[in-house]
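Order of writing sets the chain letters: A, B, C, D, E and F. Residues in each chain are counted from 1.
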Amino acid sequence: MSYGKLIEYAEAAPEARAVMDDIKAARGVPDVNNAWKAMARHPAVMRRFWERAKAVMQPGALDAPTKELIYLAVSIANGCHYCSASHTALAKKKGATEEQLAEMVEIVGLALEGNSYASFYGQDIDEALKG
Amino acid sequence: MSYGKLIEYAEAAPEARAVMDDIKAARGVPDVNNAWKAMARHPAVMRRFWERAKAVMQPGALDAPTKELIYLAVSIANGCHYCSASHTALAKKKGATEEQLAEMVEIVGLALEGNSYASFYGQDIDEALKG
Amino acid sequence: MSYGKLIEYAEAAPEARAVMDDIKAARGVPDVNNAWKAMARHPAVMRRFWERAKAVMQPGALDAPTKELIYLAVSIANGCHYCSASHTALAKKKGATEEQLAEMVEIVGLALEGNSYASFYGQDIDEALKG
Amino acid sequence: MSYGKLIEYAEAAPEARAVMDDIKAARGVPDVNNAWKAMARHPAVMRRFWERAKAVMQPGALDAPTKELIYLAVSIANGCHYCSASHTALAKKKGATEEQLAEMVEIVGLALEGNSYASFYGQDIDEALKG
Amino acid sequence: MSYGKLIEYAEAAPEARAVMDDIKAARGVPDVNNAWKAMARHPAVMRRFWERAKAVMQPGALDAPTKELIYLAVSIANGCHYCSASHTALAKKKGATEEQLAEMVEIVGLALEGNSYASFYGQDIDEALKG
Amino acid sequence: MSYGKLIEYAEAAPEARAVMDDIKAARGVPDVNNAWKAMARHPAVMRRFWERAKAVMQPGALDAPTKELIYLAVSIANGCHYCSASHTALAKKKGATEEQLAEMVEIVGLALEGNSYASFYGQDIDEALKG
């Protein structure tokens, strides 16, 4: 659902343009996604989000495709269509397979089901879990 | 937040008792968590959820700790305290490390932040993402 | 999780006290729940919510227990423990059975699962549904 | 918001095609909705969801239109547009009236309002509710 | 994502038409938004929501643009695109600046991140906060 | 709901201790809240969240109490009890009045109600809002 202006590179503020340059280099793409062009309306917000995303999503104790699957799982649970579409693409680009995506989405559904049972049945946290 | 009766093994319906036996065997624990004792109020719901959980969470294209991290990430995003506590314990038992948990929770926070920007900035899905 | 002051009848503002009287009469109970005693910190909010609740929850095209099951289903999906506990009690008082509660909670889990698939698979609304 | 490929019957895997046949027979429709054509990308996920949906949504202690209203209420609260559109259609097909839909949606709004007050005012669960 | 019929003024029920007249006068606009035309399918729901919105959103202890920013923040966190688009417009009309919008959206992202940490780290409420 | 270890100052890692020192100085309190003691399990996550919180919550185009009200509104909508309790306290400390809190919580309830109607009635974004 489009609303609000998309800021193209040519008309972007210098701070936003620098972020666009960095994204294009990091991802090896000729242009950034609409999400970034929209966020370029507020260059400081855009820059801070991009810096944070780069830091959090780089491989560490978890590898890159696993990180993308976790990001995607949260976005699906949260009902964000744009985020689901763009992070499915990123997850595949970083090596996630169709079989892994299928298993991930069933875990999301199961977790939401299980969470609702926890809400309804209303149990206290077990002593053994408090550790 | 405790409310509703916990059903102990001795007083559980046969269908619930069979599930409890199966959980104890599968997890190598002497007793099931409160969540299951509460759900034993509705043995058919309990059985169907357990069967589904077993099937979805078994290792496949994704390994067991990764599956638990995804389940946990959704539960955190969803604000379910009981689920966070119990699936943190399960994730550790299946091999997830403290470093992996720390990275996972930052991805959850980043995803929620990114989802909120997608909501606000309101962009259409890029042609390249429609595949 | 308790925080914030509970306002007992004796110390409540006249506007809050009138709402408490009305709730006690409508529900045939000697005292109101903690939720109302907490909300009595802001008598005008309390009064407006009670008036709206009375109007919306009275039997109409849907009968009283069905209305309570719908309210409860939303509260479970939303992860509100207090709301789950209090509206389970109200639903039973108005005639909902344990079997109906068990079926309702499975529908909540199914709907959350189905909603997550709709997010992930990203389909347009069918022409036939646009009516 | 469309993204991802829709799998038509002719190109679907045998497992997905069998589900499509079953849906068409169960609902008396010439073709399945986009949601199912998208989910056909992962035939095993699709089959398990359809089997579960059939079992959970069949009339029992709650009749069919009441079950659809509960499913719909959760989908609305959850902000799932596709789910709202498709389950409004299903609810009407199974006998829900426009007046019942109007009452249901006001209960959803009321429940969300009430849930937010429970969050803010922060009360403990009453002894009488712990049952 | 459009579905369901939009009711134009000429074909609206008298109760819905009266609400439309009131909205047009209150906002100084020649026609109401699609949201109201869709809600006109249920005139009583529409009227009650409009009356409540007018009362809650009028300037009081908080001024009009601050109230709109709060409404908008909740809508963003909730992932409601239509609501984000329409309440961004309302907030600007009532005097909110682009800088205020940028700060607001970062607070939403921060709050969602912080909420997820509260879920994961699972702390009790401090005595000092119980007031 | 408590679970997981609270890390007191004496046993905290140097990185976590430095954050605790900074929070105590910034807020003029003798000790940090439980939320920070729990987050001290992962010092790097804690430090990054604190730095981000400081930057986002400092007065700018919006003043400090307004920023706290927005943070609080999102936390209420999101059902986070700990967050509601702690940010109510922060909002009051920064100058928010009880009357402003009462108005804010009604806006949250109204926004959630309005969001649910947008989901159900399913309208497209108006041309005038696309700007």
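Just so we're on the same page, a contact is a pair of C-beta atoms (placed from the backbone, for glycine too) under 8 Å apart; a residue touches a chain by one contact, two chains touch by 3 or more.
None of these values were measured; they are calculated from a predicted model.
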For subunit B and subunit E, chains touching each: A, C, D, F
Set of chains adjacent to subunit D and to subunit F: A, B, C, E
Reference subunit A; chain at largest CA-centroid distance: C
Interface numbering overlap (same over half, different under half) for subunit A and subunit F: same
Fitted rotation between subunit B and its twin subunit F in degrees, CA, nearest 5: 120
Inter-centroid spacing, subunit D versus subunit C (mean Cα positions, whole Å): 20
Chain centre separation in whole Å, for subunit D relative to subunit A (CA means): 26
Cα-centroid distance, subunit A relative to subunit C, in whole angstrom: 33
Shared-contact residues (touching 2 or more other chains) in subunit C: 1-4, 41, 45, 48-49, 52, 75, 77-82, 84-85, 88, 102, 105-106, 108-110, 112-115, 117, 119, 122, 124-125, 129-131
Contact graph of the chains (line, ring, star, complete, other): complete
Subunit D-touching residues of subunit F, taken from the complex the two chains share: 75-81, 84-85, 88, 105, 108-110, 112-117, 119-120, 122
Sites on subunit D touched by subunit B in the complex: 1-5, 52, 124-125, 129-131
Contact set on subunit D toward subunit C in their complex: 1-4, 6, 33-35, 37-39, 41, 45, 49, 52-53, 56-57, 60-62, 66-67, 69-71, 73-75, 77-78, 80-83, 85-86, 88-89, 97, 99-100, 102-104, 106-108, 110-115, 117-119, 121-126, 128-131
Subunit B residues within the subunit C interface of the complex: 1, 3-4, 41-42, 44-45, 48-49, 78-80, 125
Subunit D contact footprint on subunit A (complex, rising order): 1, 79, 81-82, 84-85, 88, 98, 101-102, 105-106, 109, 122
